[in-house]
Amino acid sequence: MSSQHDKGRELAELHLGKAGLDSLDQFSPELGDYVIRHGFSDMYTNEALDQRARKIATLASLVTSGNQPQLGWHIRGALENNMLSVDEIREIIVQMTIYIGYPAAFNAMRTMNETLKSMETE
Amino acid sequence: MSSQHDKGRELAELHLGKAGLDSLDQFSPELGDYVIRHGFSDMYTNEALDQRARKIATLASLVTSGNQPQLGWHIRGALENNMLSVDEIREIIVQMTIYIGYPAAFNAMRTMNETLKSMETE
Amino acid sequence: MSSQHDKGRELAELHLGKAGLDSLDQFSPELGDYVIRHGFSDMYTNEALDQRARKIATLASLVTSGNQPQLGWHIRGALENNMLSVDEIREIIVQMTIYIGYPAAFNAMRTMNETLKSMETE
Amino acid sequence: MSSQHDKGRELAELHLGKAGLDSLDQFSPELGDYVIRHGFSDMYTNEALDQRARKIATLASLVTSGNQPQLGWHIRGALENNMLSVDEIREIIVQMTIYIGYPAAFNAMRTMNETLKSMETE
Amino acid sequence: MSSQHDKGRELAELHLGKAGLDSLDQFSPELGDYVIRHGFSDMYTNEALDQRARKIATLASLVTSGNQPQLGWHIRGALENNMLSVDEIREIIVQMTIYIGYPAAFNAMRTMNETLKSMETE
Amino acid sequence: MSSQHDKGRELAELHLGKAGLDSLDQFSPELGDYVIRHGFSDMYTNEALDQRARKIATLASLVTSGNQPQLGWHIRGALENNMLSVDEIREIIVQMTIYIGYPAAFNAMRTMNETLKSMETE
């Protein structure tokens, strides 16, 4: 159980980046604990799907639902941990216009631009 | 221009399956023409993102937005053209519970089950 | 008050068609009463916006939110009462792809096609 | 092709205002290029629907989907280019409460108020 | 752990009804297992919120998100287990018009009516 | 009629808090007037559902639709008027992860935290 949980925290850090995981812990310890136990330790450790595929699916879902703060965390984790390139993420956002239209894609592109800028200034 | 359009129809058939592309043409020729010209011929031919990644992103977006008919076409195209396995698609749907909750994931799993059944009975 | 309510029922019939208004009354008398009192009698009688503009706004909103049964009623009312032509409604649905993507527009086009077919067979 | 594109940029400026079009170009040249080529040059030039009707449909869709930045641009374009009056836009937002409820309408009214204020202070 | 899981299945049956729980098990054993482990066994056993309050929150959420199959199960569980009366559920749906508008409330009322009819004919 | 309206304003203040009601009046007098007449005076005075149940349903709906400003007002009204405790509201947000996923629940928890902080600093 404990090693499962360690594996879950590793995967959470892979996907959210170190800063993302820290802010999760601080922001809402209760939701943070649940999402690591239920999501990263339990579902994400199922090897039926590789972590790159999980990352693509997550980004597409967050662009679609318009949850910008979480999209920012997941973009950052993807770039810090070399899961996807900047060009690949931009192209996912561009493709989403077919499925959800331009306004939601523009909002996602703004989050992408802001995430890149905040990574440069650190 | 014409070879761009041919490439677009090829990609549309790759992603939607032959039956999906046919029903697109018949159902609304106008929307079908636009989505092939704007989507598959123009965006999908950009090689910054591979077609497997585009498929994963599309499925995740359609599960998230709850557009079941289109999800069914895209699942079918993925399976017919060996872009993703049944287990990989199921796992994408399971993972989506973290981002959009269980009801939308259940609806997607029903679409998955119905698509598999209709493929078997052909 | 009573003439306000009569005016509201007239506007409800203009927008929903006679069959739409009847089914509203039968389906959920309580919601039907509220929407006529609050919506058609109170808001729709404000002459700051003409009824054609109100119809366009309603169709665009229902295509966007994906509420197909209500979209069908409002399309039918528009056609029966010559508020918009078939081509104008199709073009509203096409334009929506820019703002909400193709899957939702396809679903709306199906509702449009089914409404036209059910009007022809009466 | 080129005159089609010029017509598209004209229509983009009509709908988004000059400032909106400029920020589109700067913010994401790639999405900006696609939306002008696919949306304004291709769809909006279809004369089956007049530009006032397209504007009403766009505002109703953006109020419904809750995409505030784009709603602000489209309100501004509408007012700068005399496509709709302030009272007509307010009444569209009020009417939307019937179809999407009060919270989303309140958010749209805030965007309307902020757009008016920023136009006054220029 | 095992008694936690038994308590979770009890709560799942309380909320979904016996038929709902059975169809959950059959329809997608994997999603069914996750939602009982993560939702009913883990979150719903937290006594900070009583089960009646949880039921009201669930119904309001499902009416808002428009997930009709799950709304039907949860209405049925509520009525079979005397958690809420028919009038209370109708009034929750009516109230939702303020927050999400009439079309989504009409769709929920149809689900309510169909659920009542299917309970009567058993 | 007038006493109905007074009762409506009382209920609006119960649910939104005094500051919430004031900002409603100032922000958009027209929408404010409609929501009090249609919502609080007409629907909320129906005694088929108690005000605590109405509050729970409203919070769950706003967490689900992601309308943060209105969620903040309704949380504040609930706490100022002792309709729900801090722990009960947090638990409603936690439970929502089952129905709408973690990102929307995180956004709601941020609104909860900000509302608590702004109440403390007054």
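Observations
In order of appearance the chains are A, B, C, D, E and F, and numbering begins at 1 in each one.
Simple rule for what comes next: a contact is a pair of C-beta atoms (placed from the backbone, for glycine too) under 8 Å apart; a residue touches a chain by one contact, two chains touch by 3 or more.
These numbers come from a predicted model, not from an experiment.
Counting hops only between chains that touch, chain B reaches chain F in a minimum of 1. By number of C-beta pairs in contact, D-F leads over the other of D-E and D-F. Relative to chain E, the chain whose mean Cα position lies farthest away is D. Chain centre most remote from that of chain F: B (centre = mean of CA atoms). If you average the CA atoms of chain A and of chain C, the two centres end up 40 Å from each other. Centroids of chain B and chain C (each the mean of its C-alpha atoms) stand 31 Å apart.
The multi-chain contact residues of chain B, meaning those touching 2 or more other chains, are 34-35, 38-39, 43, 62, 65-67, 70, 90, 94, 96-103. Interface residues of chain A, counted against chain E in their complex, comprise 34, 38, 42-43. Of all the residues in chain C, the ones that touch chain E in their complex are 27-28, 30-31, 34-35, 39, 62, 65-67, 69-70.
Within the complex, the chain B residues that touch chain A are 35, 38-39, 43-44, 46, 48-49, 53-54, 56-65, 67, 70, 87-88, 90-92, 94-100.
Remark: chain F residues 66, 90, 93-94, 97, 101-107, 109-110, 113 touch chain A in the complex.
Listing the residues of chain C that touch chain A in their complex gives 96-103.
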